[in-house]
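What follows is a set of notes on a single structure, which appears directly below.
Think of it as A, B and C in the order they're written, each chain with its own count starting at 1.
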């Protein structure tokens, strides 16, 4: 779980659009985007909750298709969805005081991730 | 779980944009937005399902950070996400006959909530 | 779980907008939209995970309201949300190599579904 608020805000700051929405989207089927109060406790609580919903060590049918081990990653990503939309005004994200935008990478191996930030407004 | 369809529709009706999307977003990390058939049964079923996913009485790591008791609220909000996007046409939300837009406040204390409704289109 | 990537891409291809976002939305309270690697294994794994979150045979309060049997469908749909937003560039959806857009119909009876694809950009 990685805080990407700075990167999203930077993309908005560098653009010419004052008010609108930023779509933050992961091209890939084993990661998601959401918001969280980014502090050490929840960095453990959120993965623990996901482990309960889709445990890593289960025998997923997906493993039989490819001989891989990341069925849990796919299930978690589909449940949480590949992206979210964030409103901004005066080129500033409208977030709560303790709310950060995070990339949740569910894959079982370390990966480089590309994150799409598409900005629309005027 | 609070029906906010009327407030979202009102914002669209008062604006000048005929066709587009309304981003409904909660600045805060313990509430979400979704749709539901807003009737008394589901007003009990949905919280019960959330209680199974992230029980209130669990010892969350988040509680150790702040000495608070709303770890479950944060986990639920991150899982469901802070906002949703709703299409509209001729200044009317495109919803199913039994589909309402709801604010799901997961916090353990009663709070006032600000809801952002950002409208884009033409 | 039905692959609707082709239909969404077709709508983008036929329009005049080169870069923007496509909001894919279900008017109805018993279905959702997300992405998945659309292969036979996950077509079993995803419904199995949803069955654990909101089992079909549970006695939902919703059933008492209407004498129906689709409480699980409503709970699943509210949890996953009624729609998602997808960025595109040069009239092509930006998706991962093994990522498809899917309609998840949770209802207990076979239904015809209308899917809204609202395109915004320039």
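Throughout what follows, a residue touches a chain if its C-beta (ideal position, glycine included) is under 8 Å from a C-beta of that chain, and two chains touch if they have at least 3 such contacts.
None of these values were measured; they are calculated from a predicted model.
Asks: Rounded to the nearest 5 degrees, what is the angle of the rotation that puts chain B onto chain C, matching CA atoms?
Replies: So the angle, rounded to a multiple of 5, is 120 degrees.
Asks: Looking at where chain A touches chain B, is over half of the residue numbers used by both copies, so same, or under half, so different?
Replies: different
Asks: How many angstrom lie between the centres of chain A and chain B, each centre taken as the mean Cα position?
Replies: The mean C-alpha positions of chain A and chain B differ by 18 Å.
Asks: Indicate the residues of chain A shared as contacts by at least two other chains.
Replies: 53, 79, 81, 85, 120
Asks: Touching chain C in the complex: which residues of chain A?
Replies: 23, 25-29, 53-54, 60-66, 71, 74-75, 77-79, 81-83, 85, 116, 118, 120
Asks: For chain A, which residues are in contact with chain B within the complex?
Replies: It comes out as residues 19-21, 34-37, 39-46, 49, 52-53, 79-81, 84-87, 94-96, 98-99, 102, 120-121.
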